[in-house]
Each structure stands twice: as C-alpha cells, then as structure tokens.
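Right after this note come the structures.
Across the two complexes that follow, chain A remains constant while its partner is chain B and subsequently chain C.
For the complex of A and B:
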C-alpha cells in the first residue's frame, strides 16, 4: 500500500439504540481503489454519510491528507476535497446536464466571484464539456438532467463529482440499477479516474462488482469491520462467507 | 372603465406578487410556509412611517425598511426556523403562525393600535387618457415592482449564486455535498424576500395612506393563495399569479359589483385552481 491519504479511526455512530457503526477503522492509500462491502444494513451508507458530514460521528476521527474532517459541515468537507455519488442518483434534475457539472466547480454561494461573469464562464463550460466527454456524455450537455437514462445519470454524477477536483471520491453503490454491460463500463471508468490521480472509496452490495474493481476490500457486518484484505483473500475468508450467506445450517451446508 | 380596472389590477397585482415572492423563495428552499412573512411586510410599513414622516424622503424610507426587514428575516431564519429544520412541516408552520401573531401584538404595543398615516407624495407625473388614469404613485409602484423582479431574475438566471440557489431548491443535501453553503443560500432567500416585502409594505402604506398593526392579515392569506396558484416555489408562477389575482379582483368589481366581497376572490380563484390543476400554474408534480 502506498502512503496513507485517508484515515477513518475508531468511528462509532449510533441512532437511538441501534449502533450503525462500531469502532470502524480504515486506512486508504493514495490513488487506491478501496471497496467497503457488506450485506444490506451493514452500515455502508452510514459510513459515507459520516465521512461526508451528513452525520457527525459519536466517536472517532476522520482525516484526509492529515486534515481532520470529523465535525465539519458537509459543504466544508466537500471543499476540502471529498466528492461523492449516491446510491440512488441525486442529480439536480431540473437543471441541464452542463449546469450539473458546472456546479461542481464551486464559487456557488456568498463568494463574490459568483456574482460576476455570469452563471457559467467560458472556461468553465469548456472544462465541463471535457469532463462530460470523459464519461461519454459529450452530446447530452444541453439536455435536462432528469431526462437522461439511468445509466447516463450515474455517469453524470461521476462527472459532477470529478468537477470538484476531489482528492477522495466516495461512490455509493455505483453499479446499482445498471445492466451487467453498463456495470462493466462503469468499472472501467472508475479505474481510469484512479489513473488521473484520485483516491476512490466505494461501497458495494454486489461483492463481484467490488472484487472486480478494487485494490483492497474491507467487509462490514452489523456496523463492524470483520475483514480486510485483497479481493482474493476476502473471497476465501470463511468469516466473510458466513456474513454473506448466513449463519447456521445454510453456512454448514456450504462448508 | 374596463381599461381603468385592468390598470388598477396590474398595480394591485404587482403588490401581491412582491409580498408573495418572499414566501415563494423560502418555500422553494425549505418547503416551509413562512406565514410570519406578512409580519415583516408590516414592519417595513412601520419603518417607512418612522423614516418618511421626519425626512420626507421616500427613497430613504424604502431603503431603511429594506435593511431593517432583511435583518428581521435573517433573525427569524436563524432563531425560529433553523433550530427546527428536519422536523415535520407542521412544526415550523405553527412557529410561523405564532411569530406572526406575536409581531402583530408587538406593533400594537409599540406603535399603538390606531392607524398611522403615511402621506407619500411623489414628483413623478401621472398618466391620463380618455380611457385610463394612473397617478404618478401608481406608475412608481409598477415600475419599482418591475425593477425588483428584473433584478431577481438576473440574480437567479445570470449568476452562479442563482445556479447554486436553484440547485439547493431541488436538493439541499446534494447541494451541500457539492460544496455549496446551503445555510448561506437559505439566508439569502430570507434577506431578499424580506427586503422585497419591506418595499411592498412601504408602497402599500403609502398607497392607502394608512399603516396599522393588523395590515398584514389580509396580505398573509392572499399571499398563500398566490403561491399555491403560481405553483409552490415557482418565482415566475408567483408573479403571474399575483397579477392574475389583482386583475381578478378589480375586474369582478366591474362585472359582478360589490355583491361579492373583494377579499373573497382570492379563495374562489384558489379553489378553482385546486380543482383544475392542483400543482398550480407553473408548478411541477413532485
């Protein structure tokens, strides 16, 4: 593993009596693709929401390139270099495809630069079109985002996230709802993004998608990390197999 | 007669649109019915009285009202609504109604229960033909409303702030995940909406030459009718609906006479709209 750029240290998050994350620790190397897998309800999306500031961790610390992220608001974390996509795509559906990407460039709120040069500057339009071309949406820039096919919406989410020039890209089940063919294409796209210098953490319910794209894999079950290692090692790990296939008779049959 | 009533309807409708815009902006980002907005409108009228009477300057009165009300709107957001964001919509609604009642009584206590006059005179010449007569003040109202709406349109369509604003109105959480400080966007909505309501307050006070504690009650429910009519959260819809209501009110005076109370028309139009197209003129089904 290359030098660590992203650290989650002993993060715990509970909702009432339900502990969604129990002292979860992750260390992700620079330009690594790191997958977090686990059965439904294992705490994967909660982990993303804690990292991106939607929830505050009850305990634990999160660092990106040495900077603490825990306790910051969502937009601050985004500006420090964390971009994300969502399990069910969350585009600005009534805006154009181009404007969705342009919003990733920042200068969006009280920034006085937002008041001059129009809603989108020529250089920004140029760059947005490059990003759209990179995800295969070159010809859709003028469409309303909500009219895109689902697979294209996923690509647009990726382009919008990349517009933020992130250090860390969080992908929440990037292949959910895609056909097998689309999923393969997206996996290839994710690997290309990695080569452009971004570190990727993705959560996946589908183990085989995760295995295909990730350099390393961690497994969550009931909010706890039960295993971590290379995809090959994880696939053979009896603890992981048990978590996925259930305990008791079914597991014994398989063994 | 009809032409004159159309002209009067446009003047009235411009004022309705200005008052309702604040509700639209707030509803657009927070999905909260900001009933206390009508209280801000009255505050604007009172600041207008306090500044205009000693100085005689309408411009100064309007600017002071806008500044004071922007601040009041921001304070309301910070201390009334922000603490209950994420609660069911009934919670901020009840808070808002309570705040509106509180404000009315506060004005009664501080400024007295009686009508204050706001005898605005304006140098601008009126406009008069055989069919229609508009005073300089009426022209000023329409021009000011048009100017404010153009400014707002530029802000929403011609700046990055406006783009971020429209994004936030669609999905606050996703906007924040893309580095947009949504707290600022919401604050801007309160500031702009309140400032516009303040301008409307001064103009209405001057139009009828009266300012009193409960002058916000009728605009409060008419503004609700206007934003439902326009399609909750749609700025152009609000403007069209405001004008439509103003015209409906003045034209029924011509055709139906005073048999039907003017203030009931807002609800008649509202009921018709809900029967025909519940999402409003420019609303989208969500």
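For the complex of A and C:
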C-alpha cells in the first residue's frame, strides 16, 4: 500500500459530552477496499458524515489525492469525487429510478444549457441504463424510486453513487437488510468497482461481509481505532475479539 | 344577468392568480420550500409598477420588466436571508416577510400609506388606450407565456435538480448539488412571477392598497397550489381557476358561500391530499398516461 490516496488524520468529533470519534487516523491505498467495522455506536456512520462534510470535524484533517476535504461543504466534497450511500436509504422517492441515477451525472454542475434543454441528454440515459443493468435494475428505470423493494433501493443508491464517477466511494452498511445471496452479489459488484479504479471505504456491522470483501480492515470501538490490518489478522486479534466478538455479536451475524 | 365587464374582471383576476400560483408552485411545489408570504412579492411588483408609472412617468411597457426585476432583487435578498432556515421556521419567516412588506406600504407616505396608490395608467398600444377587455387579451397572452416558461422549467435539468432538493437535501448535497443556490434560484424565479402578476394587477385595477397584498392573500395562493396539486405543471392553474371562480359561482347562496367553500377545501384535503392533479387522483389520468408513455420511451431506448 505504497500509494495512499485517501487520508484521515487524527479526526475528532464530539456531540456535547459524547465523543463519537477520538483522533481516528486511516490511510487508504489507491483502488483498495477498506472496511471499517465496529459494534453499534462505535462511530462508523459519524466517520462517514465527517468525511462527506455532513458534519465538520472538531479536529483533524482529511485528504483525497492530496487535496484537503476538511472544512469544505458537502457539495464541494462531492464535486472532488467523493460519492456515498446511506445506512438508511436516501433516494429521491417521487422521481423515477432513471432520474435518480441521472442526477448523479455532472456532480451537480448547473450547466446553463440545462436551463432550457430536456433534463436528460440521450448519452446520459444510455449510461444510466448501463449502470442500472450493472446493479441488476435493468427493468426498473421507469418506476418511481419510492416503490422499489428495500434491497433494490440499496442497489439504486449504489448506481446513483457510481454515476458520479467517484474517486472515493463510501458505502454505509451496504449489506444491511439484504439476504445472504444479495450480499454476495453486492460483494462481487464492489470488487468489480475496485477493478475499474474506484477506491472503496465501507462501513459494516456485518463482519462476515466486511471480512469477505475487504483488503484491509480497521476496527472502531467507542470512537477509537483499536485495530487495523488484514481480515485474517483482525479475526485473530485478541483486542478485537474482546471489544467486538466477545459480545456475542459475531455469532448473530454469522447465523 | 352577468355583465360582460364583470366576467372580464373575474377572468382577469383568475389569470393573475394563475401566474401567482404557478410562481409559488416553483418555490413550494418543485423546490419544496414553504412560502407563506408570496403576496408580499405580488405587492412589491404592484407598487414598483405603480410608482414607476405614476411618479417616474415611465410607460407600462418599461415599468413591467422593471417591476419584475425589482421584485426579483428583493426576492433574492430575502431568499438569501430566509432560506437559511428550513421547514416550519421558513414558513414562519415568510409570514413575517409578508407582514413587514405590508407595514412598509402602510407606514411610509412614499407608498401612499393606508390610502394606497391611485391613478395608475392602463397601458397604451400604438396610441390606443387598452380598456379592460383588451387588457384581458394581454393578460391571457402573458399567462400563455408563463405556462410555456413553467413547462420548460418542469422538464429541464434545473427543474429536476430543484425537485431533488425537495426530495432529500442531504442526498442532493452528497451528489454535488449546491442546495442553497438551487433554493435561491427557485425562490427568485417564483418571486419574479409574483412581481409580474403584481404589475399586471396594478395596471388592471388602476388603484392599489396595502391590504390587497396582506397575509390572507398568501394563504389563498397557497390553497390554490395545494388544491390543484403542488409540483405538477397544471395543478396551480386548476387550483386558481377553482378557487378564484368558486366564490363567484357560489354567490347565489350568499351568506353560506364561505362555509361551502371552506368545507370543500377540508373534504379535498381529507380525501385527496396531493391535490386534484396530484398522485392518485382520478383527474390525473392524462398526466399519468403521459408519464407512462415517457416510461415506454425510456424502456424502448435500451
């Protein structure tokens, strides 16, 4: 991992008296799949909200390809190539599946030509349909996004994030609510994304999925990074076993 | 029984309400930002046009675009300030804006105070003074233009982005959409249309007073948008036609007409809350068919 593309350095975020993130540092290599795992309330989603600018870090720095992200607004961070999905899906529910994807193109640029022309250029419709096919929603383009089944809503979020042609893709519990089979399909899709040049950071409560797909894993507990390494090393790490597996959660997740 | 001049007045006022409701629809229907002070911008357009013609001596044709511009600038300034807050806070802020603007008209001599402004000229065209019926033709042409504009907006990328802001602000931001700017663009577009309606109103009535633009007028415009179907192209038109003509049509029951009018609104909100042309409505057949056809095109293209 000589070629670091994404750095989180000593990031701290507190809400009142609760410190959700304590001096968290991560270094993610180019085209790596990096998983952040931890029990509920460990600060995983807070980490994503800080990276994507939904929250501002109290302390610390975040860099993507050498450019600082900390202190920027959410839409500026997105324009620099950071795409994300959400733990609880956030789709444009009354818009069509196709339009949800189309909105990802151009990273929000208000093109003056877009003021009068149609909302979607033919090339964009083609590309959106390719992305929908890639996530298995080929036949749903014309449906209203809010009518999709939960698993399909997750796939659509992924297609929408891919439409941004991101450098860094943040996936917040991508497998939550999916069946085992669907989770395996998603893992295969994430690997294909990596092969196409995207760096992926995913947050996962489900250790089985995280271990299966990730190149490296970091473990958060109570806002602190307690371990980092290969999935195999993490699974054997006594600190992790005590903090995470020791609570009987792994048994549930593997079931 | 009904004089034709009376009919001309009702139709002209309905047209002015169509422009007002369509403008509010861009702000509330498409961008999802509550605005309960739309009448303030209606008033700013009317007062601007009235003052530009009576005091600055401009013609209607010069005053109309200037009135739109002035309203847009005020809309921009107030939008930048008030769009910092959201949802119910924004609704209350816009109510405040309405009261402040009416107060300004009421307390400054420059704006004629409670007496209002009179002697506003009707437009002249080729040396010919437009009377009410001819003026209606002009207003109808403007309505057609406004609807064309709204149609272009509703199917543009800008319109799609603005709708995304309504649907989920955080998701929109995470896609790189400048949510604040999009809200302000929608606000300025909507208030500009209110300015246009104000100018048309001033030169139709030839006399305006602060209460023509008071808070209840904002509520009426909001009712038109909600009744017809917020976020649909034709909903505000239907809402404006129904609510502007209903009080006139129900005139025969005199004392009870406000009761009937109010009850109709309550029933509609209970049984068809997305509006007459909104989702799930029997009247939405045409729009739904069009949507289905659009879907067919999308699917065939692959």
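Here is the rule we use: the second predicted complex is superposed on the first by the 236 of 255 C-alpha atoms of A that agree within 3 Å, B and C clash if a C-alpha of one lies under 4 Å from a C-alpha of the other, contacts with A are read in each partner's own complex, and residues count from 1 in each chain.
The rule we apply is simple: contacts are C-beta pairs under 8 Å (C-beta built on N, C-alpha and C of every residue); 3 or more make two chains touch, one makes a residue touch a chain.
The model shown is predicted, which means the values in this text are computed figures rather than measured ones.
Annotation for the three-chain superposition on chain A: chain B and chain C clash. In the superposition on chain A, A:102 makes contact with both chain B and chain C. Contacts of A:22 after superposition: neither chain B nor chain C is touched.
By the document's definition of touching, both partners, chain B and chain C, reach A:92.
With both structures placed on the common chain, the touch criterion links A:222 to neither chain B nor chain C. Looking at the shared chain after the overlay, A:129 reaches chain C, while chain B stays out of its contact range.
By the touch criterion stated above, A:138 is placed in contact with chain C alone, chain B being left untouched. Within chain A, the residues touched by chain B in the first complex and by chain C in the second are 52-54, 73-75, 78-79, 83-84, 86, 90-95, 99, 102-104, 106-111, 114-120, 160, 164.
Taken together, the chain C residues at the contact with chain A in this complex read 152, 155-161, 163-164, 167-168, 170-179, 181-182, 231, 279, 294-296, 298-299, 301-302. Touching chain C in their complex are the following residues of chain A: 52-54, 73-75, 78-79, 83-84, 86, 90-96, 98-99, 102-104, 106-111, 114-120, 122, 125-126, 129, 138-139, 141-142, 160, 164.
Taken in their complex, chain B has these residues touching chain A: 157-164, 166-167, 170-171, 173-185, 188, 284. Residues 52-54, 73-75, 78-79, 83-84, 86, 90-95, 99, 102-104, 106-111, 113-120, 160, 164 of chain A are the ones that touch chain B when the two sit in their complex.
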